Structures are given as C-alpha cells and as structure tokens.
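Every chain is named by a letter (A, B, C and D) in the order it is written, and numbering of its residues begins at 1.
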C-alpha cells in the first residue's frame, strides 16, 4: 500500500515563528473584514489581496525572478491555513495563486511567466478557471467550447459555467477544443487558453448561489479573438494539464477548513457557556480535524518532494469536504438556533453560511463519486 | 382517508400546482407577497379549515388541515398558511371566530412583552424575535405580562416596528418591537405559560413534520426526474450504481418520514399524540439532513443555483428542521416520556397505542 | 409515487386482546429460554416450537384443513413481533412457517399440502432453504447444483451453502438446475425440489459463524435420489418462485427487531440508573424504530390485500437491517462495557451477540446493494 | 524512521508473516497458547523493547516498541505482548529489570484487592475483572489496598483462581480471584491511584490505537485482494461502483487512522501527548466501526465465517475499541482539555504543537 503512505510532519521553530508573524498580521487586519465561512470562494477583497501581495504571501514558493519568494510548501501551507481558519477574504487571488501560477511555471512560456506571475504575486491580477460546461461537469471529455486557429489568433466560441469569480477576475484559463473530437480519444484535442475577460465577445452572467449571493457565472464566448501566444503549454495537451492541476489541489487546507470559522465560534460559545456536554459532542469533529490536518500536511510535504499523491490527495478531498459539511450538522444540534444569513447572531450567520455552502464542498474539484473511483483505481492498481 | 377529504386534497393539489410556480416562490423570497394565491386560499376557505362551521370556520378536522399543509410543504407554498391556521385554532378554543386576515404567533422564551393598563386600553412595550411572516401579518398571538400575570394576548401589528430577517428558506422571520403602542379592545386570557408554550410547540412541531414530509416527496420526485433525464458518461444517471444507492436512500427516508408524519397526524386527531410528535420530529429532522445532502449530491452544480427548483425545497427543509425544536429538543422530550413511562418494558410502551381505528387506509404518499 | 404508498394501520381491540394473550404466554415461558439477539436464526428449541404449534401460532394464516387457523396477517404479525421482541427461540420452525408453508400453499400439489402443512403447523417439521452456492450468492443465475430426471425420480448433485439450520432441519427446499443453462435466459431451467435431509448422499457440514456458533452449513448432494413428486410448482419456474418468496419476506418484523432484546436491556438499564443523558442519546433509535415498525405493519396489510410491495418491502429490509446494526453501535457508546459472548452481565452478552450477528443482517435476504437496485428500479419505472 | 528501526520492523514483519498463521490464531482462540511464537518473541528480545539495556532490556525506545505493536495488530498476534511490554515499562520506571515471563495488568475501578501483612509476607484477598491473558500470565500489576494505603503491587498468579472469559476476539479476559493467597517478597510502591490509572489508561489507549491502525491495514489489504479476486455478475468486484465507494472509504479511514496513530506515537515519544492520545483513540475507534461494517459488507457471507481470515481482524477491532476507553470516554477527556485550555482560540490550541522534529519521514503505512 505504498500509494497510501503519508509522512508525519512536524513544524520547525522557524516555521512556528513564521506562523506567528502571519497570525499577528491577520489579527491586525481583523477590523477590515468579517470572518466568513468558505472565504476562499466568497470572501472577495482586492484590497486584502494586495496587502497579502505586499507581505510576499502570494506566489510565495515561486522563483524570485517572477516575483515569488522561493519559500517552502510548508510555509505556504501555514499562510493558507491561518487565513482560512480566520475566515479572511482571499477569494480574489485564490485561483491565480493556487492554480494559474503553478500552471504557468510548469507549462508557460518565458513571456507568460514574466508578464503574469509578478502581477499575480502582487495581488493585482486575478484569474478564474473555465472548465465545466452545462453538459460537461464531471465528464470533461464532453467539452464543446472550441477555438479555431486563424491569422489573427484563436477565435473562441462556446460557454463555460460554474466559473468562480469570473465577474471579478481579469483573466480566465479556458479549456477548449482546438481540434475536432475523436470518439476513440475523447480527451485529446483540448487546449488551455488565457482569455482576457475584458475582450469583445465575452459576456459574463452571474449565477445566484443558494445563499442568494453571486460567486459563480456563466461565461459566453462569441468570436472572441485571442492572441496566438496565449495558449498555455502544448496544443492538445489541455486535458492532461487540467487533470494534473486538479489532482495537485485536492489535499490543501481549503478542503478541511472551509467551515472552520463556525467550529471556532461553536467551541468558543461552549467554553463561554461552560457547556461540557455540548463540548463533548463537538470533540468528534476535533479528532477528525486532527487526523485530516496531519494527512494534508504530510501530503504537502510529499508534493514538495515530487511524490505521487494522486490517491491520498483524493482521500483528503473526499473526507475533508465531508468533514466541512459535518461541522454544520453537528454544530446545529449542539446549539439550537435559527440559522439565517441576515441574523445578527454570529453563530447563526456562520451556521447559515455553512449549511448553504455545504452542497458545494463535495461537488467542486471532483464529486465524491469521482474521487472514490480515483482512490479505488489507485489502491487496486498496486 | 374519507372521500370528502380526498376531494378537498385533490382540488388543493391542483390549485397549488397551477398557482404556486417556481417564479412565485422566487418573488416571495425577494419580498413580494403572493397576494393572489393568498386570496384564493382565503376565498376557498383553506385558511380556516379545522375551525368549526358553527364558529364561522370552514369545518373539517385537523386531519384535513394537516394534509393540506403537507401539500403546502410539497409545493413550498410561500405563505403564512401554517401560522394563520395555528392562530385560528388556538383562538377557536376560546370561542373566537376565524379571521380573514394574516395571523402569526410567537412563544419564543426570548420574547418580552409588557402590557400596562391605560384609560383607553393598554400600552404595549417589548419585543418578539424570529416571528414568522410578521411583516405581512395583521395580528399576533403572544404571551404577555399584564400586571404581573401571564396572558395569551392577540395584539395588532399595525403600529409595531418590524425589523426584517429571514430564515434559510427566505421566509420572513422578523423581530417585532412594540414601543409604547396603544391598543384597545384586545383579546386577553390568563394561561399557564409552560403549558401553553408546550401546546404551541407540539402543534407547531406537528405542522413542521407534515410540511417537511411533503417537501421530501417533492425532493424525491425532483431527484427521480433528474436521474431519468440527465446523462453522464453516456448513460442516464439512474443507471449508475452510485446514483441508485442515492435514490434508494432518498426513497427510504421519504417513505419513513411520510409514514411517521401520517401516523402523528392520526394520533393528534384522536388526541393520543403523547410520544408520536416527539418521535416523528426527531425522525423527520434527521431524515431532512440526509435527503438534502443526497439530493444536492445527485443534482450536482445545477442544484445549488437559484435557477433550479431543488434549492427551494432543500432550503425549506433546512429551515424547518430547526423550527419548533431540533433533534436535541425532541430527544429530550421523548427521553422524558420513556424515563417516566409507567409501562414495565420499552416494548410495552411501544405497543401500548390506544386503538386508533379498525383500518385506516390511504394516508400514504400522494 | 404510487409504489411508495404505505397505509397507516391501527390495531383493533380484538387484536390488542390477542396481543396480550401472546404476551402472557411468552411471559409464562420465560424460564424455559434465555432471551437472545437474532433469535430467529440462533434460538433453536424444538420444544418451544411445539408449544407454539399447540397454541396454533405456526401457519396461523393457513386454511384450517391444512392445520392452519385462518387468522389474519396482522394477527400473525403480532405473534411474530412479540416473539422477536422477547428474544424467544423460534429458529427451528422459522423458515417452514415464513417461507415453505406459503410456498406449498401457492405452488404445491394437494398431496404436498396435505402431507407437509399440518406437520409444520404443529411445530414438528422443520425446513431449511437451499439457495446460495459458493459462486452464486447475490447472483442466483450462477447456480450449478443440478437434478436429472431418471426413472427413479430426480438425481441431485451439487452443493448449497449458508443454509440456516440445515443440520437441525428435516427437509430442505433446494433450488437447482433441471435443464442446462441458456446464456441468454440465465434464470430459466431452475426448479425447486423438496429434499429429505436424511436421504443417502446428503452430507451436512456446519460452518462456524463469527460467534463461534454453528447456524449455517454447507450441504453436499451426491447422487441423492428424490421422488419425482417432490418438485414444487412448475419445472423451470424455480427462480421466479424463489424471488417471489424473497420479495414477500423482506418487510417482516424480523428485519427490524433482531437486536431488540439489546435495546430493551439498554433502556431498562438507563431507566434503572436514571441516566437521562444516555436515554436522550438512545431516543434516535426509538424514533427510527417507530417509523420502521409502522412501515412494516402497513406493508403487512398491503400484502394481505395482494398489492405490489416489491419496492417498499426492499426499503424496509434495507433500512430495518441497518437499524438493527445501529442499535449495537449506539448502545455500546451509551454504556461502556466489555462485550463478550461469555460474560455474565446480560448487557455485555446481548451486545456481543448484536455486534457479531450484525454483519449478517445486511447480507441475508438480499444485500444492501441489491436491495437498493431493486428500489431504484421500482421508483424509476413509475 | 531510523535505519535501525526499519531493520527491526522488517525482521519483525517477516517473523509474524511466517509464524503467525491463521491457524495459529484459530488455535489460540480455542485456548491453545502459542508457546512457540511467544518463545521466539522472548528470545528475539521483542518482549522487552523499550526497557533500557542498562536494566537488562532490549533497548530501543517506545517508538520502536509501538511500531512493533502496530505490526502485532496487523497480524492479529494472539499473545500478551502489549500487556507484557506495558508491565515491563511500568516496572522499569521503578528500576525493576525485565522478566521473561508473561505479565499482565489491570487497573479496572471494579477491582478490589486487599493485602494484609502476615509474618511471612502478605495475604491477598479480592478480585480483578476483565484481566487480559490472566490464565497464561505469571504475574500481574494491580492497585492494592495495603493497610489503608493504595499501592502498586506486582502479584504472582500461581495460587489465584482464574475464571475464564474472553473478549470478542477470543482473547482471554478473565476474572482473577485471590482467596487468602499468601505471598512473600513482592514489589509494592505507594501511588496516587487516579494518576496511576490515568497513566495506564493513556498508555493502554495508545497501544490499542496503534494495534487498531495495524489491524486496519490488514483489513484494507484483505478487502482489496478480495475485490480483485472475486467476481460478481461476470466482472471483478472492484469494477462495481458500489464496491469502489466501499474501497475508497476503507482506504480513507485506514490512512486517517494510521496517520493519527503515528502522530500519537511520535508525540508520546517526545512526552507531548497531551491531546493526541485522546483525539487519536476517538478517531480510530470511530473508524473501526466504519471499516468493519464495510469490509464485511464487501466480503459477503464468506467474511462472517471462521474459515476466512477477515473475522480475526474485525473481531479484534470490535474488541479493542472498547478497551482502554470507548469514544465517550475519550471525548470526555478531550472536552476537558479544550474546556480548560489556556489558549485564546481553538485554532491556537490545534496549532500549538511543540516543535516535534525538523522533518520526520516514513512513519506511514507499511
């Protein structure tokens, strides 16, 4: 069961000192934002992103020449988990930092790296990811958005859906067909293009989420002209590039901590009320969180070492997102309340956010069913 | 189910089906009251079912009314029907004729309402929290403190300040402030607060149970339909084994919830609802958590948008399970009954149901 | 959703009086048996079965001319749930009463009915059911035990496995091939034969269960001669007959109450200890039991009316057997103990029985996965 | 993991693999003690790992010993290795050299053991319940009442009456009766009962955690193997989507359990196990319930027979989860720690782990 190995990591003193620095910064910013559940999706604040950029905490593992700080994965892990635990507004730069930057580093041209990465690291250039289509959710082979190569560059037609934050982003990485579908090799012929969302022919229509808020969009492309050089990586290799992106982003703290602000509020309230019985009921959550966090940290280390984490990362995503949901289900039983997005009671508001955001946790980045298929394939293959 | 009841439910079903559209519910959640549908309900007598004809009500019994509310739950009817009916019934117990106005009530222990006698009547001071539909209601039943005594009071809302808030379903759940509001000629009656609160909680709990069981029927129908229409990897969803597991659990939890809800309705109608409401709310609440999770998992991304009907149903289930007692509250109640039961064994307690009726048929899923 | 209709049944005063009669009888027998979990599988007592036969409570719905009492399904329901709740030893006659009798009534010849039914009803003739084979568990089409028609009758060869109580029974209903397998119609060509287990060529090898006890067997048939007239129903119709049997026996109280003796002991202990918190935790079980019991009773009524209960019965089996397991999982948390089959503490012993019998609950009579397939097909077909 | 440790674990793994057969375990459950394997363990020094060489032990640290016990859990080693090691360690704290005998211990609050001074030593009276492996052990550590004082006592068992009982795994869990047994020359030391009981429970809990995590590895391997070898409806089991869901949950719970167990081992070795054991036993116990259910569901009928190895593993998980504290016990402990933590927030408490080591690698699934 080699594929299931996860090392136990401890943090060094330097890292603990760094954690403290991050924590102090967040505390000093406390009045500038309202702590939110699922803040990497719903906490949009370009101002806060810029401040993080100034601290050097966006793209912090990237080469210095591209605006990075060449810090370790574990240091990045610390920054992210501290921000998530605090419910800080990090949605604006989230996808650029987590996905697009690494994509450029791995597949981008020198020009792309030089142009985009420093801006991203400064917290001044936001990306959104264009994968799903109405008939291509879990099944990306069904993608029908297509780009045709012309003299003026690529001409893009089609639509994307469930694109988080597209209405607030500068660019989108669009996965599209660049050659006709071959029924035998359905995943071939897809490529990733960088689309400037202010281009003519781009229409963005926000979709109302369960909460009534607008985090997602439908994005329509009508003869959008895209410069030839805006292709990322190899033509036709887009599916593989996208899958690798997904696999590597399944085990981060954002798959465990999305509802942590509610858990923190729950425990705080129970401590205040000296509600020992309630505390006892909450402890199952804590023990799950402990084990998930150490799995996640161990995998972060494996990623740094270049090990294959496809299976274990899928496990963390599957169990972690179930845990995120479960926080709400346990919390509402322990403290009876009237959950409401408009309540003035902090617990009720965080609970409402957690319940309403809940369904998304186990859908985004691969549904439960898909992840479990990945895990089984990995385990069976040994 | 009697023939009469079947006819009433059939016509109510048709009415909701044609008038209570997804768009109507959306608009209601945006704050536009569904006046037209409300008028239809008032005119057809639905808002006073269960109030004797002798008092000017529509007649029929609680059983009829509760099955109508089950349909209201199924269609997510965005109106204060449950609240209005509850108030009509509570007042009918005191011989008061039904009103055609929108009524609401609140026995939340956090409320604090004082009535002081004035030359012209009373001056009302205080607030009530999480009051359903307060912004649209004309009058409210509360427990008020009148010169040191606790009284059931029916207060007008026209001069109250209403602070807007809403539950997860977008249904109004407002805070009412009475700031020295003068009222004259109001209904007041001394009550045992604990007993009255318990009565309202039981009745409210039962109503949520039946509405939730109706909502689960809707949720199951939506999910089955989706799994038939939608394809993934080239096959209809329902052919995938993982989806089959989902549908089966949805079906099971729905049937279990409808069954125990119908049992509770029957028991309530006969006045032998001792354990039934507690056990039913516990079960239905628990089921609500399961079915909402599964239905969303099955529907995927489309289900979490306002564009799809699903979320109107799931948000109601999430809201209602915490209204009139969550699982912990009802487990407390049930534990109390078992602890203090005078039967020798649990089995005797479970089977000790007074004879309900020779054979009652057809209270199943519609 | 017509297939999901379940009526709410109340019992009549006469029925309640009858229940009391049954209960008094069981109480009067209390000292003759030890209350057991899963007593319809593990509580073997021919003496007790005979007493029930004398009371007229075996085959009680059958025509009087075959030794039955022509009582209603609901009365039978009362007898069975009272016996199960008390953990009374009813394994000996269980399958004969529940399955074989009805099978004969529906498909048997007059001779078969006259010969077997009165003996069964007296509690003096025990049957076991031969369905599964090592490579044919959920997939009965794979059955390879075969009977050949000869001048002397059928000659049976092959083996059956997981036959409950075969080592203690008189006869077995064996599902076997009576004509060669047709790959296109895999379920054709199977028939049901009555095999006298004392016949030459029958070898019974008990299988040790998790508990160390022997409830199951492997039964080998080596050229076993079976009288021609021992075929039940139509030749080649065995699979359909068996499936009908299964479908109609999925919703009985034995799918809900197998661990009831533990639940009773749990609640009793909590009442004695005035452990309110524990009682509260147990209440979830009670509310589930309420809903399952009323579903099961409603279906019993539908069965009497001849309605199609294929879907709802599968639901009860699926949820009921999960509930039976869950009783053990909840009980062990509420009262910390050392579960043991050999303990002198009643709670510990019943808990051990419940845990060790647990896996069987969701396997026998159709696994969870199979049942859920049946439910979905039923619901989708509407 | 150090190279040294890797070598030790490799050889232990090989030893268990070749000697600890299914048949050996069956025989042990039938009451025949696995003498030969025990001798090998004694001779190879495994029974005194963690006791310093200066005291005559094998040396190595708790970390080594606990990983050996993880393997013992994986192979269902039917021997009192954990009990013997625990006693060796507890006694080593008092400077006592390790024994080559079988040792056991019991700090069950239900025990009641009195020592009365006699001219030749002491007379022992009383009983101890649910004592693991008592029938085979030579000596036992208990808390005894000696003239009004609570003392840790190491008592010989040769003259005790042993009443046989066993846990779900068929491991001895006997009742010991001392009926005026005369003993001379025994080790006695005054202890704080609460503290000592807590110490033993923590250590015992940790040992069960690691053994259970090992057992889960075995369970996962068996399940994966079965799903590859077995066919249903003409396809290998693991191709069925429902089975894939099962395997994935098994994998997840196993990795989570092994991870948190290894974390607890590390923390214990560094003396910073404050919350870790409580959280780990809570998690591992919970996982045990899930994985045993799933593994049996996946294996079908064959899994519930004595003929298949699976039940040796699942019965151990069921037995061990209730030993040294069930979920409620450890939730209590953890709640107490959180309630009384002096950190400002939960998050600070979670992240407030003293620096363990620069990088610790390879403590994963073997």
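Here is the rule we go by: a contact is a pair of C-beta atoms (placed from the backbone, for glycine too) under 8 Å apart; a residue touches a chain by one contact, two chains touch by 3 or more.
Just so we're on the same page, UniProt names per chain: A, C = Acyl-CoA dehydrogenase family protein; B, D = Acyl-CoA/acyl-ACP dehydrogenase.
All of these numbers come straight from a predicted model, not from anything done at the bench.
Of the two chain pairs examined here, A-B and B-C, the one linked by more C-beta pairs in contact is B-C. Note on chain placement: the centre of chain A and the centre of chain C lie 51 Å apart, centres being C-alpha means. Separation between the centroids of chain B and chain C, computed from CA atoms only, is 40 Å.
For chain D, residues that reach two or more other chains under the stated contact definition are 240-242, 245, 327-328.
In chain A, the residues touching two or more other chains are 369.
Shown here, the protein chains touch in an arrangement that is not a line, ring, star or fully connected set.
Contact residues of chain B toward chain C in the complex are 217, 220-221, 224, 227-228, 238, 241, 243-245, 247-249, 251-252, 254-260, 262-263, 266, 275-276, 278-280, 282-283, 286, 327-328, 330-332, 334-336, 338-339, 345-347, 350-351, 353, 355-366.
Per the touch definition, chain D reaches chain B in the complex via residues 240-242, 245. By the touch criterion stated above, chain A contacts chain D in their complex at residues 1-2, 4-13, 16, 19, 81, 85-86, 260, 263-264, 267-268, 270-271, 274, 276, 279-284, 286-295, 298, 301, 311-312, 314-315, 318-319, 369, 371-373, 375-376, 379-380, 382. By the touch criterion stated above, chain C contacts chain D in their complex at residues 132, 137-139, 161-162, 207-210, 212, 216, 325, 329, 332-334, 336-343, 352, 355-356, 358-360, 362-363, 367-369.
Remark: chain D residues 130, 164-168, 170, 173, 232-233, 240, 242, 289, 292-293, 296-297, 300-301, 303-307, 311, 314-315, 318-319, 322-323, 325-329 touch chain C in the complex.
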